[in-house]
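The same chain A turns up in both complexes below, where it pairs with chain B and then with chain C.
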Partner chain A sequence: MTLRMRFLYAFTGLAALLTTAGLIGTFYKTPLEVKEIGFTQKIFYFHVPMAITSGVAFAVTLLASIAYLVTKDLKWDVWARVGAELGLVFGAALLTMGILWTRSTWGVWWTWDPRLTSYLVVVLLYGAYFVLRSSVDNAGEKARYAASIGILGYITVIFTMVSTRILRTAHPVLFKLGKSGFESGIEHQMLITFLSAMFAMFALCAALLVAKVTIENLSEEIEDLKDRIGG
Partner chain B sequence: MVLKEVPLATAIAYVAAAYIGIWVILFGYLLSMGSKLSGLRRQVEVLTEAVERKEKSVGTRA
Partner chain C sequence: MLALRQLWVILKKDILLELRTKEMIVSMLLFVMLTMVVFNYAFNAEKNDLTSFGGGLLWLAFIFTAFLGLNRSFVHEKDEGCFDGLLLSPVDRSIIFIAKMLGNLIFISVVEFAAVPFFTIFFIRYPYYIYWSRLAPFVLGLILGNIGIAGVGTFVATLAINTKRRDLLLPIIGLPLLMPVLAPSVIISGAMMGGNVAGNTAEMVSASMKILVAYDIVFFAAMALIYDAVLGE
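Moving on, here comes the complex of A and B:
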C-alpha cells in the first residue's frame, strides 16, 4: 500500500471517529436548548466547522495557485482545482445547514445579510473558477487564468470572515479576541463538541483532498499507459 | 432580524433535515470518490499488464 493510500485510510478513519464523537456530543452531551436560539442551536456544532473547513479548502487553492505561478508546475494546478472543488462541496453543505437554520430562527429561507450574501458571492466566484477552466483549452493558459481567480478569489473569503465584525449583521459572532485572549462565551462541553466536529471536518477534508489528487494522478497515468499501448 | 420561537417538534425537524442534508452531500461525495478511485486503480492494473505484455512481445520479436 502506498504512503498516500495510508494517509487516505488514516484520515478517513479519524474523520469517522471524530464525527461520531461530535454527533454524540451534539445530541447527548450539550444542553438541549440554549437561551433565545432553542433546540436549533444543535446545527451550530457542524455548521461553523464546515464554514472554517470550506475556508481552509479555498486556502489550499490560494497557496497552490501561488505555487503554480511561481514554479509553473502543473501539479500545483491540480491541487488548486481540488481545493476549489472541496471548498464548494463543504460550501454546499454549509449553505444547506445555514438555510435551514435561517428558516427556523429568523422565519425566512434567505436574507440578504452581509455574511450570507458575501458567502454566496464566494460560492458563485469559485463556481466561475470552474466555468473559466472549462472554457480554455491550453493547459498552461487554463492554469494561469485559474490561478489568478484562485488568488484574487480569496479576498472574498477573507471579507466573509470579517463581515460580521465590520458590518451590521444579524449573524451571531461566537468567537472573538477579548482582553483575556480568545473568547468564545460557550460552555466547556459545547466547546469540546465543537472542536471534535471541527477536527472531524478537517480530517474529512484531508481525506477527500488526498483521494481527489490521487484520482487526478491516476487519470494522468491511465492516459500515459494508453499512449504507450497505442504507440 | 427578529428571532422566531419555534415549537420543539418543528425545531427537531429542521435539525434532522440539516444533518441528513449535510451527510447526504458529504458521504455521497466521499462514496463517489471511493468508487472512482477503485475503478481507476483497476484500470491502471489492467493497462499496466497490457503494456508489460506488449513490451515483452516486442522484446521477443526483436
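Moving on, here comes the complex of A and C:
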C-alpha cells in the first residue's frame, strides 16, 4: 500500500469517527444555549467548522497556485484545482446551511449579513475560476491563468471578509455566538463537540483531497497508456 | 530610466491609437449616458429622489462602462498580432502590464470625469452640496477606485482575450475580484454626493479610503509580480 493510500484510509476513518462523535455531541450532549433560537442553534457546531474548512481548501489552491507558477510542474495544478473544487463544495453546503439557519432565526431566507455576503462572493468567484479553466485548451496555459486567479482570488477573499466587517459596523448584531461559554469552562461539552466537528471536517476535506488528486493522477496515467497503445 | 522610457513608449502608443480611432472613449461615453437613461426608467427618477442611491448607481454605471472599454483595449492587440510583438520585444513583462494599466486608467478616468457632472444634474437632488471640502475626497475616491478597476481589469482582460470565451470572461472574473473596491467606492461617492451612510460619515469615508489604498497596493504588487509567470514564454 502506498503512503498516499494509507493517508487516505487514515483520514477517512478519522472523519467517520469524529463526525459520529460530533453528531452525538450536537444532538445529546450539548445544552440549548440560546433559548429564543431553540434547537436550530445547534447547526453552529457543523456550520462554523465547514466555513473554516472551505477557507482551508481555498488556501490549498493558493499555495498550489504559487507552487505551480514557481516550478511550472503540472502536478501542482491538479492540487490547485481539487482544492478549489472542495472549497466550492464546502462553500455551497455552508451557504445552504446558512440559508436554513437564517430562515429559522430571522424569519427570512436571506439577509445581506456581512458573512453571508462575503461567502456568496467567494462561491461566485471560484465558480468563475472553473469557467476560466474550461475556456482554455492548452494545459500549460490553463494552469497558468488558473493559478493567477487562485492567487488573486484568495487575496480578494481576505479583503472581502475584512472590508465587509469594517464597513458594516452599523449592522445590528442580533445575536452573537460568543466564546464566553467556552471560556467560562462551564460548557465543556460544547467545546468538545465543536472541536470534534472541526477536526471531522478537516479530516473529511483531507481525505477527499487525497482521493481526488489520486483519481486525477490515475486518469492521466490511463490517458498516457492509451496514447502509447494508440487507442 | 530605461524602464521609464519603455513604459512611456507603450503608453504613448496606446494614447496615440486612441486619439486616432477614438474607439474606446466614444463608445464608453455613449454607454455611460445610456446607462443613466436606463436608471431613469428603472427607478422612475422623475418621481423618486435617488440621492441616497447616488454612489451605488454611479459605480454600477462606471464598472460596466469600464469593462466595455477594457475588453476593447486588448482586442486590437490580439487581432493585429500586436501583443505578440510586445511580448517578443526586450521589455520586462511588468512594464507592459503597468503601461497598459496606465493607459486604461487614463481612458476610464476621462470618461468618468466627463460623466459625473451629467450624473449629478440627472439624479442628485438640488442643491448639489458641492463644497470644495467634499470635492477633494470625491475625486480621490474616484481615482483610487479607478486604479483598482484598471489594474484588475487589465490583468483579467489579458487572460480573457487569450481564451475561447474572450470578452465574456472579463465581467464574471473581474466583478467578484473587484467587490472589495466597489463597496468602499460606493460609500465614498455616495457620502460626498449627499447620500446617507450607515454610521459616522467621516469615519466610514476614511475607513473606505484606507481599504481602497490597501487593495490598490496589494493587488498592484501581486499582479505586477505574477504577470510575467502567467503570460509564459
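The definition used in the following text is that the second predicted complex is superposed on the first by the 199 of 231 C-alpha atoms of A that agree within 3 Å, B and C clash if a C-alpha of one lies under 4 Å from a C-alpha of the other, contacts with A are read in each partner's own complex, and residues count from 1 in each chain.
Here is the rule we use: a contact is a pair of C-beta atoms (placed from the backbone, for glycine too) under 8 Å apart; a residue touches a chain by one contact, two chains touch by 3 or more.
Just so it is clear, the structure is predicted and the values come from calculations on it, not from any experiment.
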Touched partner set for A:103, first chain B, second chain C, both or neither: first
Partner chain in contact with A:124 - chain B first, chain C second, else both or neither: second
First, second, both or neither for A:163, with chain B first and chain C second: second
Touched partner set for A:16, first chain B, second chain C, both or neither: neither
Touched partner set for A:192, first chain B, second chain C, both or neither: neither
Touching partner for A:67 - first (chain B), second (chain C), both, neither: neither
On chain A, positions contacted by chain B and by chain C: 170
Contact set on chain A toward chain C in their complex: 69-70, 121-122, 124-125, 128-129, 131-132, 135-137, 140-141, 144-145, 147-149, 151-153, 155-156, 159-160, 162-164, 166-171
Interfacial residue positions of chain C with respect to chain A in the complex: 152, 155, 159, 162-165, 169, 172-173, 176-177, 179-180, 183-184, 187, 198-199, 204, 207-208, 211, 214-215, 218-219, 222-223, 226, 229-232
For the chain A and chain B complex, residues of the former touching the latter: 12, 36-40, 42-43, 46-47, 50, 89-90, 92-93, 96-97, 100-101, 103-107, 111, 113, 170, 204, 207-208, 211-212, 214-215, 218-219, 221-222, 225-226, 228-229
Residue ranges of chain B in contact with chain A within the complex: 1-6, 8, 10-12, 14-15, 17-19, 21-22, 25-26, 29-30, 33-34, 36-37, 40-41, 43-44, 47-48, 50-51, 54
